[in-house]
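Each chain gets a letter, A, B, C and D, in the order it is written, and its residues are counted from 1.
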Amino acid sequence: MSTLSEEKVFRDPIHGYVRVQDKVVWDCIQTREFQRLRRVKQLGSTSMVYHTSEHTRFAHSLGVYEIARRMINEVEDISRTLTEYEKITVKLAALLHDVGHAPFSHSFEAIMNSDHELYTIQIIKEESEVNKVLKEYKDTLPTDVASVINGTHPNKILCQMVSSQLDADRMDYLLRDSYFSGTKYGEFDLERILRTMRVADDKLTIKASGTHTIEDYIMARYHMYWQVYYHPVSRSYDTLLQKVFKRLFDLYKQDKGIALKLPMFKQLLEKKQLSNEEMYLLDDSACFYSFNLMSQIDDQILADLAKRVLNRNLFKYTSVDKKEEIEQRCLEKGYDLRYYFHQDYQSQNPYKPYSGKSQCIWVLEEDGSIKELSTVSTIVSSLSQNDSYEDEKIFFPKEVL
Amino acid sequence: MSTLSEEKVFRDPIHGYVRVQDKVVWDCIQTREFQRLRRVKQLGSTSMVYHTSEHTRFAHSLGVYEIARRMINEVEDISRTLTEYEKITVKLAALLHDVGHAPFSHSFEAIMNSDHELYTIQIIKEESEVNKVLKEYKDTLPTDVASVINGTHPNKILCQMVSSQLDADRMDYLLRDSYFSGTKYGEFDLERILRTMRVADDKLTIKASGTHTIEDYIMARYHMYWQVYYHPVSRSYDTLLQKVFKRLFDLYKQDKGIALKLPMFKQLLEKKQLSNEEMYLLDDSACFYSFNLMSQIDDQILADLAKRVLNRNLFKYTSVDKKEEIEQRCLEKGYDLRYYFHQDYQSQNPYKPYSGKSQCIWVLEEDGSIKELSTVSTIVSSLSQNDSYEDEKIFFPKEVL
Amino acid sequence: MSTLSEEKVFRDPIHGYVRVQDKVVWDCIQTREFQRLRRVKQLGSTSMVYHTSEHTRFAHSLGVYEIARRMINEVEDISRTLTEYEKITVKLAALLHDVGHAPFSHSFEAIMNSDHELYTIQIIKEESEVNKVLKEYKDTLPTDVASVINGTHPNKILCQMVSSQLDADRMDYLLRDSYFSGTKYGEFDLERILRTMRVADDKLTIKASGTHTIEDYIMARYHMYWQVYYHPVSRSYDTLLQKVFKRLFDLYKQDKGIALKLPMFKQLLEKKQLSNEEMYLLDDSACFYSFNLMSQIDDQILADLAKRVLNRNLFKYTSVDKKEEIEQRCLEKGYDLRYYFHQDYQSQNPYKPYSGKSQCIWVLEEDGSIKELSTVSTIVSSLSQNDSYEDEKIFFPKEVL
Amino acid sequence: MSTLSEEKVFRDPIHGYVRVQDKVVWDCIQTREFQRLRRVKQLGSTSMVYHTSEHTRFAHSLGVYEIARRMINEVEDISRTLTEYEKITVKLAALLHDVGHAPFSHSFEAIMNSDHELYTIQIIKEESEVNKVLKEYKDTLPTDVASVINGTHPNKILCQMVSSQLDADRMDYLLRDSYFSGTKYGEFDLERILRTMRVADDKLTIKASGTHTIEDYIMARYHMYWQVYYHPVSRSYDTLLQKVFKRLFDLYKQDKGIALKLPMFKQLLEKKQLSNEEMYLLDDSACFYSFNLMSQIDDQILADLAKRVLNRNLFKYTSVDKKEEIEQRCLEKGYDLRYYFHQDYQSQNPYKPYSGKSQCIWVLEEDGSIKELSTVSTIVSSLSQNDSYEDEKIFFPKEVL
């Protein structure tokens, strides 16, 4: 049977309740791979700036599912257009889109051998509890869920719902990250967006009367990037994490023995693709426990960097035009620039007009024509033509000042 | 110098900003012992019911400090009555009251050799970064801060501010736990409480016109206890945690070797009082990483219990009058009752009228007389005379049904 | 046709959106009698205490409708039990329950010849735009809607939904009055109440697991009464209003000519039952404009009282045991006690256990039995046995002090 | 004495509490001219779109005062720079800036003989209770408060605080109108703006690190304008109001007798400047009561237009390119185009870079230099160069379709 005898709910400050009616969704949530997301924070480094941003990928994943579920139930065009099987497929894709995520948001991927999408697909399609639950529902379900997540599903509406510039994923994280950080920058009018969604010409579109609401959403993204995600303190913490792992990998090249002291990273050090079992064990607690171990290790640089991570003894930052002066000071104080100096460039475009049919935001005019958002919004057009939303900084120990 | 050149702030969804003006407060926040609280969740088991309750003791401790700071700045009677040194003392006591807290809220204390207050005092008074910072300010500060926390400070107003039935600690956690769980049960009118606080007869009191606000606060506590803290699912998770550790200790009695496989618990297993250094290493990540290790261990009971913790495969619960039937079923299915059956009793009194001068809530009448809360509030009186706010349940594996 | 081609919505801070799908509901909202509610504030005198409580009966009526609509759509037992005609009937009863309300909340009724329910029934059943819209849908609809409002409808579930101790009316006004006053006292968990509503034994009940939520709702009512509705400043304003009208009626007895100067009160002064047409013209603006006129009238007492109303020059209040002293002072200063002195008694029982089948709150136990709330909740039982939730005060001009 | 013995507060959902410490501020609030603002809604026509926007100029004026008060108390540069007398002056200017506002927001001014600022100055400087309170404090106070309001005060910081593109007035109404309308478009980070305000070079500036917060504020204004203030339904209601008064004035030209039937508009019809006494009587209730009278008047056009206002029977709107077609239809149906057809153009620039020293927003760079906002913000620069933020529509009775 595919429907639960009674709707199950999760209390959620963003959505009131996350509502589960399908048995296969409920069973996916109970799997060990999905429960692992309780131990992976949504925003690894942001909690160094906004200290209450402690929420997990578990909560976010439920939220993305809930927005997808509401699109299906409340947007009449979607409700009518999709088959029952497509509805289940897209709800599960929303739920599972982050199931292969490593700790520390995207900054960990730099040191892993591949990105989180690859592991997500691996968990869905290869041996795992998630895979078992999906196959029990229907043999083709793992493949179809995976194809929505990597954007290759033939029905582009499903892809737009889960992965586009106006998808359930972005909509949940902007609202959620705002709520838990205690800022208001990411708030926008989700209710109105749901009310103005239409399907036209096989695309998900927004009625022209909702254009201002979408402009507000684009601006919310813009502000969250600069005020939260790309905040220099957050980037400073990311820098430290990367330096810790750079030092660890460099030490491993000289002496394989270090892997015995840090068993949680054995496969990573060996540059192997992790199995689903190994991925299951890689969570925030493994990382933080490893930092505790590293802080007691007999390599001075690794121990120092690990302590900095644990005790929030972050690098300072300044404008890139002081690069030479700061490098010089670091050298004078005996800091190894490979581990104690970093130049970081970030740029962000709040909306990309030329990102393809399943990525763009489409506006449905009253006369039935469909236009790409930046052609009807002066503000979005201004925003997307400009490429100066960027920032470059250098990071270094405060002890050099 | 004791004042920062510029106020420092932490963004906080409960208080807007947490504001720090004193250098000694700022320095305490930077210590490794205080930064460790970023890795200890405020509500260990509650996040099994309300999955967004992922906030840490770090955030809570800053919140308690902020309420104490506001009492000092905004309640004129307090501002006028306390000396500068007393003000610093009570702000630090508020900030540090949980610095020795182990993981998993109070449920971990059952298996430790002492409670969190003991470790808090130890960190404040014995060798630690916190102790160093306090002593640098004034030699007597560690002792005075500790005496506020354990309720022995001669100025009872300081004790009331940090540890009474209407203290900064309770006020912050009710608001914070409400916000992060997404419920409204713990909300009350903090602004009005601050406005009606008065000092009279060396006691912290509330003006009679604020009595309804205090009744509302008492009810908020009552509802949070039953809807959140004592929720049966939360108690089921606590039960599992206790069973894990009971099994671990029992195994250790038979074979000391297990301590090598779980180095994070070596001292605990040996029933030693932890040093400040050892306490520093005991955080949520050490525990969760240990559960990962236990889940791979070659004791079937320990591995099974650890997996249940990790994957939220919780015990079911039912009324205690099915005790014999359930015990029988457990035995039939081969479950060892010591580890797979638990009887749990909880009772709570939302307000205790006879808890002594520095614990009771006092009401200041218009004529200047001071009365204990339950003598002026019919509702609080009804609540505190009644002792049937209790619940007893049994917990067992769902597989026995 | 009874269904709108597209759902219409009203943005609302309490409910997100108020959603209208039925043409007859939409048409009722467009009538002049319903639009008049835009000119009648929900809380006449409370805005003298909480100055932002400026919301109207129009907004409240839409809110009551929305809660009734959600009960019908989201509580499966109600959705299944009621016929389509009953659903329309109860939604309209919720929408229209206040359509005959005079200005200034319930305090105006004292000086009118009958209460607001009588006028509500009159507007629904006699000639009016509302009556026309209802009859167009079905001839029996006016009678049936009216019978839900006055509690005589044979299906008691409809009556419980609109008028009981846990009805859509109370639930909306607690939340709405909290929001607009800026207090939190009236907040409770509407979502959870909707989730735990069940129909059993032809009664609306709450599942036993929702008992704490109902206790919280009862306490919200209790606190709103004392902190908001019965606030002494609010009662002082009500006192003034009553004195204004007492003086006006007394003057009219001596000289009928005054009715010409205040044409908006002609019928009231003649003690006639108002027609629907006359009721339509009686709104807040008519009253406030009349106070402007009265403030310029050549009766010193009426002009003074009207100016006090307009300029918030309220009576002071004190405990009733100063009655004789204050009366004496009033007389000494030449105040006519009939218009310048008032003794006011208020009592409130947050829950009445013996209020009959369609009024009580019923709890559905797991074994299927149904119990009256106070028999299962210690707190509610304590609250309802006690009859000391009362207050008596005297009101008088501050100039006498 | 200038300080109250105990701080007085007003509960407010936007600011928590509005706090009054100065006797002169408290006394101003008690005047009849200020109390009249309880009877003038902040957003006349917007409540036709967002039906809960019923808040008054009284609440807004207190809010503007509260933001000015916080600037003075919390922005150290302002606190240090201003004299005590300047602080009082600017707080009173904030409080009183709208005291001469007529009903129906700015749309009423079209038919009055002058704008609200003129009447505000008249109430402050000529005989009134407000004037008396100000003069009692200091003889020069009325003149100085008035000069802040009309922007001629020599200390430009005071003018910037109350009337610039980032002033207490705009900041309060964006937040307040958002809250009461139930939208989120006007929300921005007031706390952070207060924290980044600095005084430099005799100007109010924002630290460069707060630039993103200001961008967010500018966008909030942009969105509120198009989603709320310039919403076509709101403009349709304004159109009706203007048509009512146009008809009334035209009738008066033919027959002065109509002024006897509508005494509240006698002076306006005679095109006289209103005295303070006459202005006091002109509030929302006078207008709405006049519409009730007009709806019963024996001129068909005036009665019809007044009924439309009362019963929200608004004009439809469409794009201006249907002008000829719609005009033709109106004529065919016998509608007089002077009263039943309107062409309305609105444009808005969310930020004007060249608006002068006391109007622009200034950014304080880390090196101490001061730059005009649009020179440092790409987004604001894009926004202000563009002049296509405009809309033109025609309005007409729905009966012509």
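As a working rule, a residue touches a chain if its C-beta (ideal position, glycine included) is under 8 Å from a C-beta of that chain, and two chains touch if they have at least 3 such contacts.
Since we're looking at a predicted model, the values are computed, not measured.
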{"item": "Chain whose mean Cα position lies farthest from chain B", "value": "D"}
{"item": "Rounded Å distance between chain A and chain C, as computed from the means of their C-alpha atoms", "value": "49"}
{"item": "Chain centre separation (chain A, chain D; CA means) in Å", "value": "43"}
{"item": "Computed distance of Cα centres, chain B from chain A, in Å", "value": "32"}
{"item": "Residues of chain D engaged with two or more neighbouring chains", "value": "16, 183"}
{"item": "Graph class of chain-chain contacts, one of line, ring, star, complete, other", "value": "complete"}
{"item": "Chain A residues within the chain C interface of the complex", "value": "9, 16-17, 191, 195"}
{"item": "Of chain D, residues touching chain C in the complex", "value": "10-14, 16, 30-32, 35-36, 38-39, 41, 47, 50-52, 54-56, 58-59, 62, 179-183, 264, 281, 283-289, 292, 307, 310-313"}
{"item": "Chain D - residues contacting chain A, complex", "value": "183-185, 187-189, 212-213, 215-216, 219, 222-223, 226-227, 378-379, 382-383, 386, 388-389"}
